[in-house]
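Before I ask anything, here is the structure I am working with.
We just call them A, B and C in the order they show up, numbering each chain from 1.
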Amino acid sequence: MSTIPLLELNDVVAGYGKIDIINKISIRINRGGIVTLLGSNAVGKSTILKTILSQTSLKSGEIKYNGIDISNLATYKIARMGISVVPEGRGIFANLTTKENLLAGAYLLKSKQEIEKNLNRVYSIFPILKDRVNQLAESLSGGEQEMLVIGRALMSKPNLILLDEPSLGLAPKLVELVGKIIKEINNEGISILLVEQNAKLALDISDYGYLIRKGEVVLEGNCKDLVKNEKIKEIYLGII
Amino acid sequence: MKLEKKIVEKYILMIGLFFLTFYSLEKLLIGFSLTLFLLFGINIILAVSLNIINGWIGFFSIGHGGIMLVGAYMAAFLTIPTSFKQGVINLHLPAFILNTQLPFLPAILIGSIFGVVAGVILVLPAIRLKGFYFCAGTLGFNIIMSTLAENLPKITNGPMGLRHLPSYTNIWWVWGIAVFLVYITLMLKKSYIGRAFISIGKDPCLAEHMGINLLKYKIYAFGLSAFFTSIGAILWIHLILNLFPTAFDLTFVFSVVTMIVIGGMGSISGSIIGAAIVTLFTEILAPIEEGFNFFGFQVPQALGLTTILLGALLILVLIKRPEGIMGEREISFKFLKRIK
Amino acid sequence: MNYFIQQILNALGWGSIIALLAAGYTMTFGIIGLVNFAYGEVFMIGAFAAYFAVTVFNLPFWVGILAGIIGALVIGLAIERIAFKPVRGSGMITLFITSLGASIIVKNLTLMLFDGSLKNFQVPKIYSGVYLLGDIIIFKKNIIIFSITIILGIMLVYLVKNTKLGIAMRGISYDSKISETLGVNTERTIIITFIIASLLGGIAGTLWGMLYGSVKADMGAIPVVDAFIASVIGGVGNVFGAMVSGYILAIGTGIFIAYLPQELVGLKPLFVWILFFIILIFKPSGLFRANIK
């Protein structure tokens, strides 16, 4: 069994233009693990995901995927290496139907049978999408759209899925469902990097967590331990 | 009291300087250089007034051609001698127009007021269009106006155009108005109204929240811009002494756009520099366009060379330095203030 | 009634050409927000290339069509590389101004080299001629052009709806960043889009030469505006919408002229602008679903 982590960020400094948002972040995700990035609003969690995807300016540090340096690699090439993303705010193609959105997720697949197989798999995880097959994605409810983007991310059979605030704007029941589905996906071998403001959800389902504040990692550890940690509450609420 | 005296002195000095400069220029410049200088002045007027809309308010308009047509035709109707209007051209205009011939100042004023009306008519429906669609709408306005001008011969004499325009344009008219326009826009830029215009261009939502009535100011801006644009057009036709429906077509508007883009879209001094560059460019290249004899070689005609090079220059500026030469700044005359 | 039908049938010829142009136009409009004023020149160069092959060099007609396509492709891609790629991401207005510049350059270069007169475009005899249906005259040319356009239209709509490329194009039109995260090479897709659009422009130009029997350096000026308006009316980025709108514009203009008094026939270009303003005021997103945010 390989001991190099699936994804690692080493001392990454990145931001937009002249402004640095994240400052020397180091993160590790092992194969098959669920890692969560916690923190309140606007601390740089989403920026970390965007930096992995080369959507920000990487100032220093390196990002390695399976040991290969992917810092500054073109976004579409990163996707081709097996990294999918469920963006913040859903990120559906409102001008495409449900099915077309899912097919877009399968862009990299060549074989029609494989695409069909993955499509059916997504329908079995999210039966509601099958009902909405030919509806324009913008007519779906918030929860359905979330399921659509998760489904879309699954279509390419990725090794690693980055999830950016999947529970945002969802009713508690749906949040629970999303958590369950993430665990289910992980059980099939897909590694997860989860960015979440909802600490309870994140700590419930993840193995390892990093607490981010002002663009830096201030605390990290196994989620079982983090849950008992008093400091988390305080840092989270910005009291310290 | 001392301060007031100083201000009055400053103004008297400036006005005196103005008269001196242009009186001497009038005596010195003849023929080609005079025409060049007049063109430069007219281009300044056109560029600075276009800049108010495109640069400050941030609404990219290419419809000023239509405004110019309205203003120019109106003024032409009034300045062409009555004998021509009734006899030679056979226009079906209201009698009082056919029977009068006005001197330059009233013709300019009336023509420009019509230009303003046209400008406001342009802006009112178009104002609801966002960003680029506004630009497209102004293109439509241009096309609509020139199509109308070409196809209503009873009013405009159609594609044959109007001639016999009296040669009113001279250095005093052109440069008097140009200096005046530059002066008031510089003052405007520092005043509340000017800053309101600029804030609308930068962030309309924020401007609205700060209490600026967007519609009112946009109309003011358009009115001002249309007024001086028309004046520029009227000066132009009384220089070249004819007016056709294609006079202010896309190529013409494009050269004014080039001036403000090269100079910097928020900057008045930039527009002046841009106007200078384009004027020089055009006039210096004009003889080359005709074809000429170069040490025995007959270099062939290259019609449209100026336009091509101008287009290339524009693209170059947009790629290499999109904010233009001056960006949004003005040439600073701070060193002058130290002269006491 | 017959007069009405006649107008509609007449409009099918040039309406088809506008439909093709609108399809190409809306593709680049959707995918990178480019309102390509220079597309009229791509169209024109295509026509000129065909004209040269057929009339000047006396080559067979199918070579002319090929020449038209190649000519348009070359100029379309050249303009893209020189005038559009360097300012990618600069906002619609900057892109539009550069396209204006490119259009003026190409048009004036052509004027300079070939002057502004009408050039006679020879069409093989089998394409001329008419069919008579009672009082109504149907030009053979119109039928051919219409058929070609419908076939191309079906192919285009299939491409856009059912192929990976089509989904990639529509995805990039809506949100290019997210498309990239799905593995789409946006730069390559954009170039392919330009290729398709230039192809369409070249075909349209050749057909225009065939329809009117002549080409002229400034022939692109009015069609490009019609193509733009059809794109907006059809919903930006929507190929089907653009083509249908192209036909609506042509047929509408035809009817408009038919009912205008003789002297005012020159007001023809006004119709499309009236339609433009009406749509933008009442249904700004267009008659069909747009592919942009």
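In the analysis below, a contact is a pair of C-beta atoms (placed from the backbone, for glycine too) under 8 Å apart; a residue touches a chain by one contact, two chains touch by 3 or more.
Values in this document were obtained by computation on a predicted structure and should not be read as measured data.
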item	value
Closest chain to the centre of mass proxy, which here is the mean CA position	C
Pair of chains with maximal C-beta contact number	B-C
Subunit A and subunit B: spacing of chain centres that average the CA atoms, whole Å	55
Chain centre separation in whole Å, for subunit C relative to subunit B (CA means)	34
Interchain centroid distance [CA atoms averaged], subunit A/subunit C, Å	43
Complex contact set, residues of subunit C against subunit B	35, 82-83, 86-87, 90, 92-94, 96-98, 100-102, 104-105, 108-109, 111-112, 225, 228, 232, 263-267, 269-270, 273, 276-277, 280-281, 284
For the subunit C and subunit A complex, residues of the former touching the latter	164, 167-168, 170-171, 173-175, 177-186, 237, 289-293
Parts of subunit B lying in touch with subunit C, wherever the complex brings them together	60, 125, 128-129, 131-133, 135-137, 139-140, 143-144, 147-148, 150-151, 250-251, 254, 257, 261, 302-305, 307-308, 310-312, 314-315, 318-319, 322
Contact footprint of subunit C on subunit A as seen in their complex	53, 55, 74-76, 78-80, 84-85, 87, 91, 93-96, 100, 103-105, 107-108, 136, 152, 156
